[in-house]
Every structure is written in C-alpha cells, then in structure tokens.
Amino acid sequence: MPEYEKDHEHLPTGSQEQPGFGDQEFRTVALADTEGMTVEKTDVYAEPAPGKPRGAWGEAWRELRRSPRFYVSAALLLLLVFMALWPGVFSSADPNNCPIVDTDIKPNADHWFGTNTQGCDIYARTVYGARASITVGVVTTALVVLLGGVIGAFAGYFGGWIDAILARVTDVFFGIPLLLGALVFMSAFPEDRTIWLVVGALGVFGWMQIARIMRGSVVTVKQSDYVVAARALGAGTPRILMRHVLPNAIAPVIVVATISLGTFIATEATLSFLGIGLPPTEVSWGADISSATTVIRDQPYQLFFPSLFLSVTVLSFILLGDAVRDALDPKLR
Amino acid sequence: MGRYVIRRLLMMIPVFIGTTFLIYYMVYQLGGDPISAMFGDRGADPVFVAQKRAELHLDDSLIVQYWYYLKGLLQGDFGTTLNGIPVADELKRAFPISIRLALVAFAIEVVIGVTAGLIAGLKRGKFADSVVLVVTLVVISIPVFVLGYVLQYFMGLQWGWFPATATPGDPTWEDLILPGIVLGSLSLAFVARLTRTSIVENIRADYVRTATAKGLPRRRVVTVHLLRNSLIPVVTFLGADLGSLMAGAIVTEGIFNVDGVGRLIYLSVTRHESSTVVGAVAALVMIYLVMNLIVDLLYAVLDPRIRYA
Amino acid sequence: MTTNQLTKTDAKGTVPGAPLLEVDNLHVEFRTRDGVAKAINGVSYSVAAGETLAVLGESGSGKSVTAQTIMGILDMPPGVITKGEIRFQGRDMLKMSGEERRKIRGNKIAMIFQDALSALNPVYSVGFQLGEMFRVHKGMSRKDAKAKAIELMDLVKIPAAKQRVSDYPHQFSGGMRQRIMIAMAMALDPELIIADEPTTALDVTVQAQVMDLLADLQRERNMGLILITHDLGVVADVADKIAVMYAGRIVEEASVHDLYQRPAHPYTEGLLASIPRLDLKGQDLYAIKGLPPNLMRIPTGCAFNPRCPYAQDVCRTDVPPLHEVAPGRGSACHFAKEVLDGNRG
C-alpha cells in the first residue's frame, strides 16, 4: 500500500496526484483500521524476539491466522461458494417448482423458510440464489482486476500523454456512480438481459480504483532506486517491472478486489431489485426481495431470508477484505 | 490559488464532455434505436417518429448528434420528454426535492457519524468501540433497499414514528427524515469508521501529547487539537459524498415515493425517456465535479501545509 | 536513598537549593498483548532549582518514559505505574487529582520534545499555539495572548517575530521550530523544564545554538532542567550531574567532571570509549558488544551482564544496588571499585 509520509512536506500540489473521489474508493478508505486491539509498539520494546526472518507473505499469513474475522468470513464464504456450486446438496426442493396451492406458507418443517406468494419454497430459492450472486461477484471482480490492472499498468508504464489521457478516462468513469452507470447500461438491453450482461455493466463502471492502484505501483517501482540502478546496469525495463510491480501491487489489489466483490454483489441485487438486473429466469436474491416487499405487512419472513443471505454474503467479503488488509499492512504489525 | 481553480475548471471540461457522451452513447446507441425502444411493440405514428428523429438528429452520426445535444445543453436546453415537456422543467422540479433529501441525510450522517466515530476512537478497544464497529459493519453490509423497507415497515408503519411515504410532489421536511436516515446510513457508517480511524491515528500523535503537556484541559486537547486534525479526511469525504448522495437516492426515493432526481431517473429509464435520463445524469455529473473541486479547495483551507500552485 | 544524599553534595560546591523534583523508586511497565515490558525498574533522581541533570542512555533505557511519567503524559494503558513517588516541591504528584496535575503541566513543569515538526500542531499558527498557554492558564484574551506570543518569539531570538507569528510550523526551519518549542516551554516561567533530546533532530551547526539558548534561559531564570539525551557531547558543556540509565535503572550517577574522568560503571566506560577521539585517530572505534536487552526478558542479576567485560557469576544472580563508590557519586555495579580504579577484572 502507498505509504504516506508522516510530515506532509511532499503533499500533492496538483490534481494530477489527487486521489479520486469515486464512491468505490471510499469504501476501502473508510474501512481502514478496524482492528481495535492492536497496540502500537513504542521504543520500549527494544528489538523483536530473535527468530527466523520471514517473507512479507509469510508474516501476513501468520497475522491472518490470528484474526478471528478471517476465520468467520472464510467459513461463511466457503459455505456460500459450496452452496453456489452444489445447491442440490443443501436443498432437495426445486426453486422453480411453485404449486399455487402452497402460497404464503409460514416457515415449518417442510418449508424451513416458508413459501412465497407464488408458492415456491423460499429455502430452495435462497440456496439456489447464491449461485447468481457469487457468480456475478467473482466474475465481475476478475474482469475488473484484469481491466483495471491493464489500464493502470499501461498508464504508469508509458507515462506522459498516454497517462494523462487514461487519467481523464478514469475521471470520466469515476464521474458516474456504479449503480447509476449500470442502470443506464442495463436499460439499453431491455430484451436480452443475461447474467453476463450484468457482469459487463458492473465491470465497465467498476475498474477505476484498481487502475489507480496499479498505476501508482508501477510509477513508484519505476522511480525506485533499484530499478534505476538495474536499468543503469542494462536490464530491460519491462522485465524489471514484471519482477517488481506485481509483488508490490498485489496486496492492495487483493484488498480492494475483495471488498469490491461485496459491492458488486450488493449492486447486482439492487439492479435485480429494480427489475433491471438478472433475467427473471435466474433465481436471484434481489428479485426475490423485490417481490417480497409487496407482502411485507403480512408475510415479513419472505423478505427476511433472502435479505439475510444477501447481507451475510456482502458482510463476509467486507470482513475478509478487512482482515486481509490488516494482515498485509505492516504499519499495524 | 486562483490559477489552480482555473486549471481545475479547465480540466473539468473534458471530464464533463466524456461523461455526458458516455451516458449519451449508452442511451441512444447501445440499445439500438431509441425511438422504437420508446414504443416497444406498439407501432408508432410515422409522422411523430420522423419529427422526433429530426429533433434528435438521429439520422446523423453519433458524434454529430451528440454535438447538437451538447450545444443545446450549454444553452440550458436539456431537450424535451415524449410528452413535449422540457426536461429542464422536470429537473427544476425534482432537484430541490433531492437536494432537501440529501441535506437531511447529510445532517444525520455528520452529527451521528462523527460523534460515533469520535467516541469509538477515544474508547478504542472498549465496549463502545466494539458496538460502533459492529453496527457500522452491519449497516454497510445490508443493502439499502432492504434497510429501506425494514425501517419503513417498523418506524413508519408499525410504530408510526415517521411518515412511511412522502407527500407526492412536495415532501415536507418531516416526510424526509426516514428516507434521510436510509439514504445517509451507508455514508454514516463510513463517516463513523473514517473518523474513528483518523482519531486512532492521531491520538498518539506528538502534537496531541504536546497539547497535554501544555496543561490544556482534556476537552480542549480533544476538540481543538485531536478532532480538528482528525476531521481533515472526514471533511473531504463528506464534501464528495454530498454530491453522490443525490445520485445515490435512486432506491431510497423509490421506496419512499420521494419525487426527486433519483426517482425521475429510474422512471425515465424504465419508460425509455432517453432525453430525461441523459439530462438528469449530466446535471448530476456537473454537481459531482463541482463538489470535488470545492472539496479540494476545502482541503487547502483545512490543512495549511497544502499549497496549490 | 543514595540519590538524595547525592543531591545534597552539589558538584559545584555552591549552596544547593532544596530539591525541586524528586523521583523516588519509580517502577513503570507496559502491559501489551505480547507480554509485559518493564520499562522502569526503580529509578530515583532529583533536581534542584538552577541545576541541570542530564539523563543519559540508549533508546529503550527508560529515560524518556521517566520523563513522560513525571510530565503525566504517559500512555496509560498500556503504561502502568506500579510503584514509586514523584515529588514536586515536596508533594507526590502521583497522588494528585487530574486537575491539580494539569495545572502543573506547562505552568510549573514544561517539556521540550525532540522533533518540533511533529510536536507542534501542523494546522495552527505558532502564534496560536504559543498564545494558547496564556489563554488557558491565565485566561488572557486572544489579542493579549498574541502579543505575549510575539514577546516569547523575541525572547528565543526568532527574527521578525511580529511578521512570523501567524506562520505555521512547517514554514520555519528546524532550528527555528525548536526555538518555538523552547519559547512554549518558557511561556509561563516554569520551575522545571524537561528537555527530551532537544537537539537530536537538528543539524550539528544549529545544535549548539539551540543548546546555548536553552542553557542561557535556564541560568537567567534559575530553573531546574532535566536534559535527556544519548549524546555525551551535548551533556559535557551544560550539565551539573549525570544519571546514566540502562534497562530501566540508573546504573551510574556522578558529576560531569567525575564521570568523564573516571567512569564507575562498565556501561558508562563503554559509552565513553565509543566516542570518536582525535588523539586516537586511526584506531578502531570501540563498540559495546551485544544489543540492549529486550524489556520483556531482562536478564537476571545485573541487566548489563551479557555485554559486560567485568561480568562474574554474581552478576548473573544478584542485582547490584546503586551505592556510593566515592564522595558524590554512585554506581550500580558489583565491581564498581575495579572499574573506577581501571583494573579490568
């Protein structure tokens, strides 16, 4: 992660270096330092206990294993991924088998979460709904890391006018909030909406933060003493960058990607809730929540279960990102 | 400072053009012919279609179309809706409502968010801190539309604390309290966490220790020295957030029937009112860009170490 | 304790004042999730009005923690004062109410920090920060406080004080910033000043100027001064007596002259030997072997024993108390006599 100097003698003097203010960016900023218990080490603790030196990743992993948040979120996510891959293991009922006679049954032994107004089993729908959410989240994140990574690396590596143009392009996309952009994007395809279209819509408006991080790391590494030295010795710049940029950039990218994953899932659900996200054929938490809102007065449980699963999924990714960030941030160690 | 502002304003131009073009492209080009989309399967009156096409310069290339649109925009002409109402009028009606809602949300987020963050930061590791961390995490995790319906159901319908839906057309301040809470909740959680982080970072700062060593009362150390410095990042977040609150109200305004910009955009999207969508988004982008500029300038005011050249 | 007797026999032979500040058998530890670090283990020293006590030691020796404890700005938790008294003008400050202590801070006892850039609040003008002393402690108006701030800046010889009073800390040079710190400490004419490495962050050329300024003001106003440093060079010119700290204890206490002539503790001996000297040019510089101890695992017996060339079995089992080895000087070493006589065991 970028290290900010304690004395702000070299603060940015122009907007070129100013951080962006996209809503995405704030999620990570705001989530910084949530571990409440770490005590800073002051000079009274002399030198650390002697032991084998470890790499940064080993340290991070060790730190991660001390974090209860990591275990909680990892366990929840494993369960959800499992649910997305093999929903049949969890529920023998068919989410699309909706006998109209079974309408609005309260939770009972046959229907753990009850049935909805169409007569579908809510437990089955909730279990099957994990697939769409997890798929959208994971694929969009992969897309965003690829897109943002390439754009950012390009801008940082070439610099000059290419960087300036890409910076403006990034600004343009930052100017449109994720939900708004995705909404307009989806509205252009009223007929043939698919899960991949949703992924595309979120990806197009979700890559900017990764790009900024990537650009930052490339620029930092490019200017660092060892790269300058290596170049003076005749090593090719692309190779040096490949060797040094990736290890440098990967930590913040992982953190941002994990937290964004939760955001993408929430935004997908919002789009589906608004009736403009996943096609009606997909079982989706967002759409189920939307239809449950019409009967909230009499059957609040119909809203409760998909909402709970959605919230827990988002929460797990945020927690995981949090835990990883704290583990990777050497300042807290 | 003046030169910096001018440079920033100049830099806003390409971003503004780029953003509006992007929206314009998505609305008019990406989804195929916008006129036929408007009418769906119903056949349209060919005379009307031809008139509309000419009005929007749809038979020219996209760039030319956009050029005409931008020219109109600069003269304050946002185009007209299907029913012939100027989009500018729609915006003039909707924006004050959204601004009012944003202000309510903003007030809630500042007062509660900063207070919670301050308490959590000062009581780091204690019970109050854990409560703030857990509550904010839950708020961040619950999607706005779920929170909106839940709060509407309990606070509005069950307990009757606040009106459950807003008065159509012209919501009162009271109508906006509940939507304000919902809209501001996410930002509130961020503000609380950001304030907390900032306080925790600064509480051991040397200058805070100096302030204590000077014999200042604790209250003064916390408010004049610790809080004043810790709020710098928070204020910059708040500034940018005020801009995005208006854009982020699509869901909230829908749930509570607030006739603001968010609802206008949502309805226009579903009804394929292309010109309204582009106009409203263009206005939002403008607000967003201006807010960002203000935030940057505010930053220099708050932190004397920053100089803009 | 020994320390009190030491105070009474003043190094210069002038009439000693009653002790202004007495630290008596102070123990402080830090309780963290990694364990308990014993930062101070029975420190006693005293300072009289007009006297300068230099506290010497490496980082981690507890010299700054002692100062913070006296000042009442120790981070608690994780810091805990487990034992001891700190008497200021005869009254134990550790038993005072928070409000009583606050009124002493800045007013009767003031502190100068090492790094003025971070010790001054970056978002307020120096005038505001100097004036704050008068506004809070004396209830002065903004305007009067500002006039006082300008006076103070003149006192510490900052050129064009009137124009610069509204400038921010980052707009001053390092030396000027440290002068502002000194001005802030002098503001209310305190009885005692604690200077924690006041010149360490400065350029060598500026160090002497700042130190001289501090020494002059101290003499003029007959203040007590505790000068915390790891730099033997700084100490030599200004201090009356020196307390050398190691692993949270005072290991040697003496007048400057005596200590430089003949150290009475192997650690001090090592410190003096590691100063580069012109007359020994070309020889290898002496270095104390090993590292300062981890405060969570301080060696049994004498904490210095693993690094000590004099160490015997007794050093690994018994803690040597600080005892008088010559008139007016103490050492916490089993073999203090041998060290003093220069016979390496």
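The chains carry the letters A, B and C, assigned in the order they are written, with residues numbered from 1 in each.
Following the convention adopted for this analysis, a contact is a pair of C-beta atoms (placed from the backbone, for glycine too) under 8 Å apart; a residue touches a chain by one contact, two chains touch by 3 or more.
Owing to the predicted nature of the structure, the values given are computational and were not obtained by experimental measurement.
The chains in contact with chain A and with chain C alike are B.
Seen from the Cα centre of chain A, the chain whose own Cα centre is farthest off is C.
Set side by side, A-B and B-C show the greater C-beta contact count at A-B. Inter-chain spacing, taken between the CA centroids of chain B and chain C, is 54 Å.
With centres defined as mean CA coordinates, chain B is found 21 Å away from chain A.
Multi-chain contact residues of chain B (touching two or more other chains): 204, 303, 305.
Looking at chain A, one finds that residues 8-9, 37 touch two or more other chains. Touching of two or more other chains is recorded for residues 75, 118, 122, 170 of chain C. On the chain C side of its complex with chain B, the touching residues are 71-73, 75, 102-107, 110-111, 113, 115, 118-123, 132-133, 136-137, 168, 170, 184.
Contacts from chain B toward chain A in the complex involve residues 4, 7-8, 11, 14-16, 18-19, 22-23, 26-27, 30-32, 37, 124-125, 129-130, 133, 137-138, 140-146, 149-150, 153, 157, 189-191, 193-194, 196-197, 200-201, 204, 233, 236-237, 240-241, 244, 247-248, 250-251, 254, 265-266, 269-270, 272, 277, 281, 284-285, 288-289, 292, 295-296, 303, 305-309. Of all residues in chain B, those touching chain C in their complex are 204-207, 209-218, 220, 225, 228-229, 232, 302-305. Contact residues on chain A toward chain B in their complex (touch as defined above): 8-9, 11-15, 18, 21, 23, 26-27, 29-34, 36-37, 40, 168-169, 171-173, 175-177, 179-180, 183-185, 187-190, 262, 266, 269-270, 273-276, 289-290, 293, 296-297, 300, 303, 307, 310-312, 314-315, 318-319.
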